Structure formats: structure tokens, C-alpha cells
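Just below sit the structures, each encoded as C-alpha cells.
Consider the two complexes below, in which chain A is the common component and chain B and chain C are the respective partners.
This part shows the complex of A and B:
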């Protein structure tokens, strides 16, 4: 049984956007979701995290149907989303952003301290800026904080929407490497990307076009399949 | 954005302005106004605290803030007739909290996604409804309300007696400003309210129900409104329908604007400043009968509007607030 199973998922905003997509992600994998602007990537991960209610289909997480559960419940169940645009709490310090990230575990102080230490290990830059207001961080630092905040809830499935948007190639690579470490530490990851530089870190690739899934592959398939030329417009890294 | 630094700087500006005003008033011999203003302004500050709290979390100016207080007064009046005064106070605060809860459930929550101006008008509706109910219940007659502390001559500053009741108000307000400050910087719940006011989506994503936070905030603000009323009004001896709205809402709003609308210490300092400015205006020769700007009976009301306009035009982010 895969950790996440999506079956014929249909979602819209009064008009249909996802036209019945199906895919699976195994426990321990890093899956990358590609697609041009407007393909429906954000809609997909937002629905998995409970921000949108599906019009049809099933979302099974660890065997149980989670479609329609609110995000406040899903984060307790082990699904965390780093939303598009980062959405850090600008007026709060880095520390306090992380503290709110651990809301669902706020009664387990030892666990919270341990998680914070882990986040600071992944992103030493955040430790240096622990008392700085999040709104004054650079874009890259905000991205790190958004990922760190999501990790504070100790998720089993981490969804990251646009990990590298607006980051320099070098910083994007750093973020991908940390995501790889997070994955190695046992967290299943789905990462929405437009940057094919993420491919070396991925176990599975999913490609969307206009609300449908047009490619799904694992392992060597995704490195040999000439994904770039076929689906991604042959863009550069 | 404004980090900690600029917040500190704003606070220093506020404190500096206050100290300058105090020194100025003592030099020109208006030190009595200072004391009268402080006592009056504390009540404004407490209502302003509730306004800032709601504005901080819902982005709306709450026209019903005054009536949370008036309703508490009626409950105090009813319960105090037979029974323990302090229990009556607790009952009054509970009634205010209940009204805040109901307002959030029945008015704010259904309008969660609506433009803020609609919500603003809706809170005015709540205030009008409350005043209507009060008129129906009590006619237009003033009701007496007893003080918690009756001694008047314990403390005298600059020849002005500060009644024990007023002292209670000042101490409560100062304590509340400090406690709320700690609440919003040190506790999970306080941080969550700040977070939700700016990033509701992210707040839900970390597992916090924004709707539940909203209930909590409205109850807290309503209890503050109730507290302001049951402490401040007894000094006047009686009250009538809409008492808190007509006497306190506009000065408190001005105080909150002066303080930057979202700043809790700002609401506190703003309230005291408005109180002082008002009492100077009422006693200054310029505004007295025969003075050049004499308008019989209304200088204190007039001056509040003048301050409000000046602040809105010259420094809309308030004395302690940050530029948006």
C-alpha cells in the first residue's frame, strides 16, 4: 500500500480544474510534480492538505480516506504543506514562526525543542536569525523558514509548493539538498517544481498539463525519458 | 515591515511626546489637567485596548465595543440590587463576554469572507440593536450604579483628589496593558492571534482554527469593554442607554488611532493623551466663555475630533504604529 493514493481526483473553483487525476506516492519517496503555469499543481497539493474540498475521487493517506478533512486535522494526521508564496508570519520572529509550527505538539516540550534543533541543523541560517522578524528575511531565508515551520509538526508527508521559485540556482540547489536530507530522515516528500534541477533528487516524477496527469514515472524512467524535450519545453536548468 | 528596532523607536517617540507634554503642562501651570486627564484617559485607554485587539485580529473597527460595556452596566445594576457587589461585577463581565461571543458567532463569522467595510457596518448594527434593547428595557431613564470603593480623599496630586475608584481604574489598565503585552509576545495563543491576523491560511496549515481564535478574541475584547464600563462609570453615579457609546467610543477610537490602531501599549498611551488634551481644552482660557474659541458645552468633544483629524491627516499610522 502506498502512503498516498490519489484516485480520479476532481477539484475546481466553481469550474473544473483537476479533471480526474490518479497517482500514488510510496512511503519514503521524493516525488516531483511538474507542469506549466496554471496546470493545476497548486490545486493538487492544496487539496491533499485540506485547503480545498474535492468534487469527486478519493485521497487515501496511510490507507484512510482523507478527502474533505480540514487542514487543522490533516496536520495532526501527519500531512504538512509549505504553501505557494511561503506565507511566513511576517511580524513574528523566526523562533515564534517555528513555535506556531509546533502548535499541534505544543504540550510536548521536549519534542518541540528537539524539532527546533533539527530545523536549525537543516538550516543553520535560521538559527543565526532566530530573533529576526520573518518579514525582514530574504526570499531564500523565508523559504527555509516555511519548510522549517512545516517540519515542526513532525509530518510523515511534506508537500512543498514551488520550492525554488525566486531563488538563485545555487540557493535552489541548497534547498533541494536539504529536502533530500529531510527525505533521508524518513519524511515522504512531494515537491512542486518548474526547475528540472530537482530531478537528480527525485524518486518519482509527475507531470501535469491542463488539469490532467500526462506522465508518471519512477527511477531511471524519469532520467531517460527525455522529460525536458517532451513535456517541459526543453527549458534549461 | 518594521522590525523590533523601529517598534522600539516608535515607543520611544511616544514616551518622549508624553514626557514633553507633562513638562509643558507643569510649566504653564496646567498640572491639574494632567491628573484629571490621566484619570479620564484611563477609561478611554481601556476601551481603546479592546478596539485595538479587534482591529489587530479582524481588521475592523468595532462600533459595538462601547455597548459591550453598557450591557455589562445594566447587568451590574440588576445583580447589585440584591446580592454581592463583586459577584455582580463578575456577572456583568460574563454578560459582556457572552455578548462578544454572540456577536462573533452571529455577525462576524458569517461575514468572514465579506469586505471589511460590511463588517464595520454590521458592528454598528450590533451597537444600535443593543441601544434599542436597552431603551426598551430601561426607557431613557438613568440608572444608579454603586462604586466598589467609596473613599475619595486617600490620594491627592496637584490639589486634585483621585478617588479610590479611579485609582482602581488606573491600576487595572496599567496591569492589563502589561499582561496583554506579555500575552501577545510570550504565549502560543497570543502569537497565534497575531499570526492569524496576517496569514490566516498559514495559521490553518499549522493546525490552528482561525474561527476559534476569532471567538476567543471577541470574548476577550468584550470583557475588556465590560471592565472599562463597570470601573469607570460608577464614578459618574448613573448611566443610561448607549452610555459607553456616546461617552467613550469616539475618544477611545481617537486614542486607538493615536496609538497606531494595532498597538496595545499605543492604545494605553493614546487614551491617557486624549484624556489630558481634553481636560486642558476644557480648562484653557481660550476655550472658556468669552474666549476666542468658546463653544458652550462642547470643547471637550470638539477637541477630540480635532485631534482625530490631525492624527489621521498628519500621521495616519499613529504615534506608536508602523507605516503600512
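This part shows the complex of A and C:
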């Protein structure tokens, strides 16, 4: 059984944005959601994370329908979102940003400490800056913090919106490599991207266009298909 | 996977003042203690009443800061919360024959209770709409609640005697300084707790805070209740300082003064808030001390007699504009190099904090 099943999901903001998309993500996979601006990628992950209520369709996580559940409940269920643009809390220290990520587990101090060490292991740079205000970090470090903060809730499904946005190609590669490590440690990942540089790390690729899913493939399908030329306007790297 | 232990570089390079440095700080601390604790002893009773009002305004500023500074929600009806506290304590002491302590406790509880009820109803909305709801509540309190004769004495008002053992102005002043210290401690403790961090996260981005499982409405309601408790306490202390409470002062003008003094004092800066509150409480008195000011007021053609009491509403907005344009962190941000130095850090004139207060802090 797939960890996440999306069936005929429809979402809108007074006008339709997602027009009945369906896809599945198996447990332990890294899925990449591609698409140009306005394709509906952020709407898709925001709806899965409970930030938006769907107009119709089903979202099943580990077999149970989670469509419309509040984010508070979904974080407890094991769904975590790294929002677009990082959105770290600039006035708070790195440590306090991480503590906020473990809000739903705030009474389990030992677990919180363990998660914090795990995050510092993935991103040693954050350990060096633990007491520094998050707003003083570089863009790459803020992205690391945003991912680390989401990991603090011990998610089974990690949704990362625009992981490489504003990062240099080298830094984006570093972030993708760490995300792959996180995935290897058992966390299922969905990355929203416009950068096809993430493809070597993906088990599944989903391509969206104007609120619909136009391609879904796994393994060799995504390596053989010429995704960039066919669907993504040919040039984005 | 077993993670390798990576310790944060927490305290590397922290400044340790020399013995002379601590000595100098001690002298400044002693001067501050003298100003707060000894200086009032030599002042006349009428002036000490003003100092006590200044202390109470400090509590009110801390109360409003919980909403405005920590959560980013503006209350334009805070005078109602403070006024209800004042009337509650006066009613409990005068009409029910209870002690001052019961009155203060009741005022704090009713302050928190009304915030709980109003917040429960209104915190579905945020920003400008929330401000409008609190504004409406303030007007309802002003024109209705404060006019209920059985509770407030109507236009005649309600006596609010000073507590036993604190009958003199000086003793009551020290009592209020004690209450201010308690509120400062509670505020400090709250912001070091998980709930405090959640409140700051809410202010910066409620949508992102929600993605971590923080219940935005519940956390905002918590802040509103804490703010209400502090406001009720501040109101009770003001009532007993004046030994009388009437409905007249608790109007929208006062709500504006409360908001202005909180912002000018400096959101999220405890020293700034206390100084801002005290400054606005003392402003009419300070204005009166200017030689020839009375004749200057009389010379101004106005539809009604001008009095120094309107000074906060004239000078306040001017300070607010300067604040928004030049010093968004208010007095607190300007004092930050000194307050941090007093706490043992290196003196750094340019250390104003990391965008700690922005003019976009309050979300509409």
C-alpha cells in the first residue's frame, strides 16, 4: 500500500487551481513534483499539509483519509512541510527555531534532544550556529534550518516546497544530497522543484501543468524521458 | 541511524567583564535602585501618587505588549480591560467588604475572563478586524458596563481605599513596584517557555507556525488572556492609588494613549515598555513644570479649555511618527546597548538587535 494516495484532488481559491489530480507515493520514496510557475505544485503540498482545504477528492496517508484535517493533527500524524521561501523565524535563534519544529513533541524532552542531534548531524553548520539568530544565516543555511526544523517533528512524510530556490547550483546539490540521506534514513520525501538537477536523487517524478498532472513516472522512466524539453520549457537548471 | 554528537558552539567568545567593569555596572545599578526606591521618599505625597501611576502604566504597557509585541495583534479597547479591573477591585473591596488582596485577585481573574470570552468570539479574525472588535468592546464598556450603577456607582463612581498596611502614598508606591517586579518576572518567564516561543513564531508567521502543529487560535487566546490578567491587575492598582474610580477616564482617548506608550516604549523590550508607560503617565505633570506653559495654553484659541492632561494625545502621535520613521524599536531599542551592557555584555553602541521590531509587526 502506498504511504500517500491522492485521488481526484480538487482545490481552488474561488477559482479552480487543482483540477482533479491523482498520484501515489510509496513509503521510502523521494518524489519530485515539477512544474512551471502557477502549475499548482505549492497548492498540492499545502493541501496535503492541511494548510488548504480541498474542494473534493481524497488524500489518504497510510490508509486513512486526511483531507481537511488541521495541520496540528497532521504534524502529529507524521506529515511535515518545509514552506516555500524557508520562512525561518529571523529573530529567534537556530536552537529555538528547531524547538518550535518539535512543538507537537514538546513534552518528550529526550526525544526532542535526540532529534536535535540528528538535525545537527545532517547539518553540522547549524550546530556551529545554534545560538545565532536565524535571520543572520545565509540563504543556504536558512534552507538547512527550515528542513531541520521540519525534521524535529519526526515526520514520516516530508514535503519540501522549492528546496533549491535562490541557492547556488553547488549549494542546491548539497541540499539535495542531505535530503537523499534523510530519505535513506526512512523518511518519505516529496520535493517541489523547478530545478531538474534534483532528478538523480528522485525515485518518482510528477509533472504538473495548469492544475493537472501531465506526467508520472518512476525509475528508468524518468531517466529516459526527456522531461526538461518535453514539459519544463527546456532551459531551467 | 545513530547520529554523531555535535555540540553547538554556544558560549564561544562570550564577553566576561573585568572586576572594574562589574564595579562600574554595580554603580549604575545602584543609581537606578536609588532612583526607583529611595528618591520617592523625599518627594511630596501628591508627587508619589503620580510615580505610582507611572508604575501602574508600566504594568499596562507590559500587558498590551503581550498582544501587540508578542502576537502582533492590536487592541484598541485596552482601556476597557484596565477599567474593568479597576471597577472590579473597587466593587469587591467597597461593596463586598473584602480585602484589597481579594479585590486585586478578582480584578486579574475578571480581566483574564473577559479576554477569554471576547477572544473566544473574536479571535477567528486577526489584524484590522480584531482591532475593530476590541475598539467596539471598548466603546461598549465605556458607554454601558462602566455606567451600571450597582457595580460602578454610575457617574458618581466607586471608592477604592488603599490596603491595610499600605495606607500612605509611599508604602503603596512600593507595593506597586513589587507588583511590577512580579509582572516583569512572569513576562520574562513566559517568553523563555515553549509557549513564549510559540507566540513569537505566531507573530512572525502564523501560517508557518501552524505547519508545526501550533494551534494558532489557542496560542493567541492564551496571549489575550495573559494580557487581560495583567491589564486587570494594572487597573486595580490604579483604582486604589487614586482611592476612587469613576467612569470618565476609561474612554477611547486612554486606549490610544495605551497603544502609543507601548509602541513608543518599544515592543518586546521590558525596560522600554516600563519607561514608555511611566513617561506617558508623567507627561502632563512634566509639561506643567515648564515655566509659562499655563499662559501659553490659555493663549491658544480652542473650542474648550486646554489642559496638560491632553499632552499624551498631542505629543504621543508625534513621538509615534518619529518612532515609525526613525526608531521602530522605540525607547527599548535605543536603550539596548545600555541594558545589554548592564547585563554583562560588551558595550556596543550599534547593537540594536536584529530587526527586533519592524513597523510591519502589526498585521492588518
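The rule is short, and it goes like this: the second predicted complex is superposed on the first by the 236 of 237 C-alpha atoms of A that agree within 3 Å, B and C clash if a C-alpha of one lies under 4 Å from a C-alpha of the other, contacts with A are read in each partner's own complex, and residues count from 1 in each chain.
Heads up, the rule we're going with is that a contact is a pair of C-beta atoms (placed from the backbone, for glycine too) under 8 Å apart; a residue touches a chain by one contact, two chains touch by 3 or more.
Please read all numbers here as calculations on a predicted model, not as lab measurements.
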Exercise for the section: Could you check whether chain B and chain C clash or fit when both are placed on chain A? Expected result: clash
Exercise for the section: Please indicate which partner A:22 is in contact with in the superposed arrangement: first for chain B, second for chain C, both, or neither. Expected result: neither
Exercise for the section: Name the contact category of A:118: first (chain B only), second (chain C only), both, or neither. Expected result: second
Exercise for the section: Tell me which partner A:177 touches in the superposition: chain B (first), chain C (second), both or neither. Expected result: neither
Practice task
Tell me which partner A:96 touches in the superposition: chain B (first), chain C (second), both or neither.
Solution key: both
Exercise for the section: State whether A:168 touches chain B only (first), chain C only (second), both chains, or neither. Expected result: neither
Fill in the blank from the handout: Of chain B and chain C, the partner touching more residues of chain A is C
Practice task
Examine A:138 and indicate which partner it touches, taking first as chain B and second as chain C; both and neither are also allowed.
Solution key: neither
Handout entry: chain A positions touched by chain B in one structure and by chain C in the second
Key = 49, 51, 70-72, 75-76, 80-81, 83, 87, 89-92, 96, 99-101, 103-104, 106, 131, 133, 135-136, 149-150, 153
Fill in the blank from the handout: Seen from chain A, its contact residues with chain B in the complex are 49, 51, 70-72, 75-76, 80-81, 83, 87-92, 96-97, 99-101, 103-104, 106, 131-133, 135-136, 149-150, 152-153
Exercise for the section: Flag every residue of chain B that touches chain A in the complex, lowest number first. Expected result: 1-4, 188, 191-192, 194-195, 198-199, 201-209
Exercise for the section: Sort out for me which residues of chain C touch chain A in the complex. Expected result: 1, 3-10, 194, 197-198, 200-201, 204-205, 207-215, 353-356
Completion exercise
chain A contacts chain C in the complex at 49, 51, 70-76, 80-81, 83, 87, 89-92, 94-96, 99-101, 103-104, 106, 114, 117-118, 120-121, 124, 127-131, 133, 135-136, 149-150, 153, 185
